Amino acid sequence: MTIEKQTYRSGPFKDIFAQGVKVGNVLHLSGQVGIDASGTAGADIATQTKLAYENIRHVLLKFGATMNNIVDETMFVTDMTELMANADDVFGARAEFYGGVPDVCQTLVQVSALVLPELKLEIKCVAHL
Amino acid sequence: MTIEKQTYRSGPFKDIFAQGVKVGNVLHLSGQVGIDASGTAGADIATQTKLAYENIRHVLLKFGATMNNIVDETMFVTDMTELMANADDVFGARAEFYGGVPDVCQTLVQVSALVLPELKLEIKCVAHL
Amino acid sequence: MTIEKQTYRSGPFKDIFAQGVKVGNVLHLSGQVGIDASGTAGADIATQTKLAYENIRHVLLKFGATMNNIVDETMFVTDMTELMANADDVFGARAEFYGGVPDVCQTLVQVSALVLPELKLEIKCVAHL
């Protein structure tokens, strides 16, 4: 059974997974983290949040989509206490990307590690087009 | 690219995320936890399970859906040993909500923390209508 | 609101959840782990990876689907350091199942425990048909 997939690949792991896969009107995105184009992680959780959403927006753009196309977010953080202590900055940065109150679902859990030790959060999104 | 979203928002975080977002015939739900309408967490994992499914059912109802519309569950627990020690109560309570053997997928993992320290599980569901 | 679900159930937990649920052209799979048909876990993470993908392929086949139908993977590992130390074996085994570079998204996080103490990874997939 063959399906028509549209994919976007980039970065050092582009032979392992795609950053975005679209089939029909559903766009899955790989978990995005707070690193810039040079691979450097943001110094704090608010900076990493901004970088992660920049990376999400970058993937969406490759499919002609915007933040408004996101319907579901899963946030994996490595320190819930740190997130809560910086909630205004983190969710303020996020609100700027969404351009207001986001029409998305959210699930937020603390995991014991992400792909790199310096990462503080990873955001997995599902979008519809 | 604009999509038609139907959303349901409630609770103290309603400006941060929606509890449910429907687009086409897919309904995403935010992770639901074992707290009651006053914000009090259930005393044990079985009680939290019941409360979480009550919250899930509440969101589903806002979209004219029932437990039978759920196709996928991800369960995040904070103590797998505690869950297994109370498996009959937890999955018994869940079966009552589904009205029998659930026609849903399940992924179950232990995370190191949820949004509040007293929470023992969070359930993220996807439904189709 | 009634939906038409096609399900596949098997194994010791078949009264608790289905291994696969198809609705429309979306197929959700329960998280698959590295155990064989007798319930024995693979001795190392590469062996568990192979067994998990064998289990994934088994579920896909029940719906007339193949690895190419997968669009999204979430990998939950219990030791990211161990995964990275064995990355060539793990992702090499995975590439064999996909028959080359996988056209799928991936999210990879370390959780603090899986359903059985001997398990090193669990893979949750979404497929489209």
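By letter and in written order, the chains are A, B and C; residue numbering begins at 1 in each of them.
In the analysis below, a contact is a pair of C-beta atoms (placed from the backbone, for glycine too) under 8 Å apart; a residue touches a chain by one contact, two chains touch by 3 or more.
This one's a predicted model, so the numbers in the text were calculated from it and none came from an experiment.
J.: If you take the chains that touch subunit B and keep only those that also touch subunit C, what is left?
T.: Shared contacts of subunit B and subunit C: A.
J.: For the sequence-identical pair subunit A and subunit B, determine the rotation angle of the Cα superposition and round it to the nearest 5 degrees.
T.: 120
J.: Is it true that over half of the residue numbers where subunit A touches subunit C are used by both copies, so same, or is it different?
T.: different
J.: So what's the Cα centroid distance for subunit A and subunit C, whole Å?
T.: From the centre of subunit A to the centre of subunit C is 22 Å.
J.: Would you please write down the residue numbers of subunit B that are in contact with two or more other chains?
T.: Residues 26, 74, 111-112 of subunit B touch two or more partner chains.
J.: Which bits of subunit C are touching subunit A when the two form their complex?
T.: Going through subunit C, the ones touching subunit A are 25-26, 64-66, 68-69, 71-74, 80, 91, 101-112, 126, 128-129.
J.: Can you tell me which positions in subunit B touch subunit A when the two form their complex?
T.: Contact set of subunit B toward subunit A: 1-3, 5, 7, 15-21, 23-24, 26, 28-31, 74, 76, 111-115, 122, 124.
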